[in-house]
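Per-chain residue numbering starts at 1, and chain names A, B and C are given in the order in which the chains are listed.
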């Protein structure tokens, strides 16, 4: 159908050629930055192809090219040949698809909008959630599991030392921790040490020794890698006490009074080249016996206030990796 | 007319009345709001000024050069390895903090930490569905008024007790020793002073009280007048060394302090004849 | 309602008023905002609202103080464990009036929370959580909980001893919740130990997540107040919506306020249940 002059013709339906052209230009620009030899020419080719198609389409009416049939106009011939769709009471608002149309447009658009919206929402939210929640399931830094406390000679047998150290010297102050260490002597030829964490098992407050701390005997040990160990002689005769809510522990770390739900946590350790190396922290339900004869009921590390034995352990079946 | 219809009708009547007889928000109500806002801002600025001008750059000057009426500007930098600090939350959490001290038994910890606050929050959210009576006059809502009074009183008491809760921080107790020496009169007795210092750092005040310091716990008696109980220095020394020999299984054995230190503590306690 | 007769305006005054109204009309025609603000300002509230009703807007003022001072503080604060404490010292001791802004923020937090509790108590005692204001009460309780969370996250930021240890205990408290507790604690900490990630996380929550939620909820809260109206005090004799007023009423002619006829009829008719 030829458009008539003077009468405003039914303009050709929008095509996607301009978008293709823009994509080609964008490709060229990106290619210039990223890879001038490969991507830019590809972009150029795309741009040229779409420019040609666009120009051909835009000048169609001046060249006298017959107009393509509009999709909307298909309704008329289809209705003329096929029986009219009867209008019945209670019919759906969306009309039945005309013959030739398998899938009504509005339904498709609805579905596509919701679907695409869902995809976009997912693409934005999932990485963000992953980043936020990831640490809840992530592992503790491996660097934290290896602290060199210096030569074992600094820990005379039968004496307690208050040791302050960095879990990771590179991060500095924020990883400073304190442990109460007693050398119990030798057990089957191996040194036996009691290394107790100073974080209360109730809610994590710093626990004090119930006994003198001889600040004058402070010893600073440099074990390399930025690690500065401070060792102070102390004598927790009455065990340990927590100032927050009145928890009390005996010298083995067993709870004797107050709200703590289990014993104080302990550190694993190893002796390498005569140096005391701290390992992972673990939780302790209770300790039978004292010193090198102690039987430690060991569990994987749980947060303060979380029961690891007794009936209340069902509240804490899962622990994030530490 | 169902109850809901009645309420709807009454609400419509309310809106009608307000339209007919109400006053425009601006300037009537908004004037009151503005005055109150001015009061609020003035209070905030006033508090900030008092806080700043009664404190110094160094938090250690509090109590000495600066009165620090509203607290120091900041405390010492965070030290995750400290053994000498008593954590406290901000004051509006004191009621929750004190709940934790009430639930002292390990099995009940979870009640104080999450149990009770969660229950309270659920009640708070569900209030409009728990109380569906239309009555708003206070005299005809006895449950509501009593509940309100109870909640306010208990939160007030818990907050206050949380604020004054004292704990035996070794360094703080040690700082009190000179005043003890003065009040009990053993300042000239070097052994007693040494014993008092040992007493201060050995965690005794976690359970015992002495001249107002420390928290009474687990039935431990006040020791301010221990010297009048007739136990004698030797008796006190043996007791502290192993209380279980005297039937006390709650108190730890302090034998490992060494007999010298134990003797000093015994001298100190024997010299404690009560506050003068 | 009787309208007092106004004196005729002079031409100069009319021109002045027209000049002022012109930009407002321009804005109104293109956005409708001016009409909205006018509706908010000149809407009717019951005539017997008293000073207790100011607690809500007082809370809003305290929050706005926090917003403004918080934005200024964020220009100087450095959210990294190694530099946070020094930046706070810098703000308090060196920056011009930094002590005042920081002090206002610190004490504004306490005032905000106290006022929230007072406002909550006032609403409770007035029974203003009943139909149709239930949703508003729920939004209010959410604001209270989130407001206290805001205080908790802000408390860590100075990174001094009080901050650090209060946060240790607070996070461990959350950790004691059944089943999900350990994971919640880990999420708050940003790992197994409190570290730089914790501070950054708390800062993000304190600056962006929670204030965003508070602002949204306050918007909803205010919208509901405007839509549902302010309730009269329950002891009020002239309460809007109370049944007895409808039956026995005269106007006093001047202000248009209805006046109760007989006091004892108030009791007989059941008083106010609006």
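Brief remarks on what is shown
The criterion applied here is as follows: a contact is a pair of C-beta atoms (placed from the backbone, for glycine too) under 8 Å apart; a residue touches a chain by one contact, two chains touch by 3 or more.
Nothing here was measured: the structure is a model prediction, and the numbers come from that model.
When each chain is reduced to the average of its Cα atoms, B sits farthest from subunit A. Of all chain pairs, the one joined by the greatest number of contacting C-beta pairs is B-C.
Computed centre separation for the pair subunit B/subunit C is 29 angstrom, with centres defined by C-alpha atoms.
Put simply, the C-alpha centre of subunit A and that of subunit B have 37 angstrom between them. Listed for subunit A are residues 173-175, 203, 205-206, 244, 305, 315, each touching two or more other chains. In subunit C, the residues touching two or more other chains are 81, 165, 168-169, 173, 176, 178, 181, 194. Touching two or more other chains at once are residues 77-80, 82, 85, 87, 100, 109-110, 113 of subunit B. Those residues of subunit C that touch subunit B in the complex are listed here as 1, 40-47, 49-51, 53-55, 57-58, 61-62, 65, 81, 85, 88-89, 92-93, 99-100, 102-104, 106-111, 113-115, 121, 124-134, 137-138, 141, 144-145, 148, 151-152, 155, 158-166, 168-170, 173-174, 176-178, 181, 194, 229-231, 234-235, 238, 240-241, 243, 245-246, 256-258, 271-274. On the subunit C side of its complex with subunit A, the touching residues are 81-82, 165, 168-169, 171-173, 175-176, 178-179, 181-187, 189-197. Interface residues of subunit A, counted against subunit C in their complex, comprise 132-133, 135-141, 144, 167, 171-175, 203-206, 244, 302-306, 315-322. The touching residues of subunit B, when paired with subunit C in their complex, are 7, 10-11, 13-15, 17-26, 28-30, 32-33, 35-37, 39-41, 43-45, 47-49, 51-52, 57, 70, 73-80, 82, 85, 87-93, 100, 109-110, 113-114, 121, 124-125, 127-129, 131-138, 141, 144-145, 148, 152. If you check the complex, the residues on subunit A that touch subunit B are 162, 164-165, 173-178, 198, 202-203, 205-213, 235, 237-241, 243-246, 248, 250-251, 255-262, 305, 307, 310, 312, 315.
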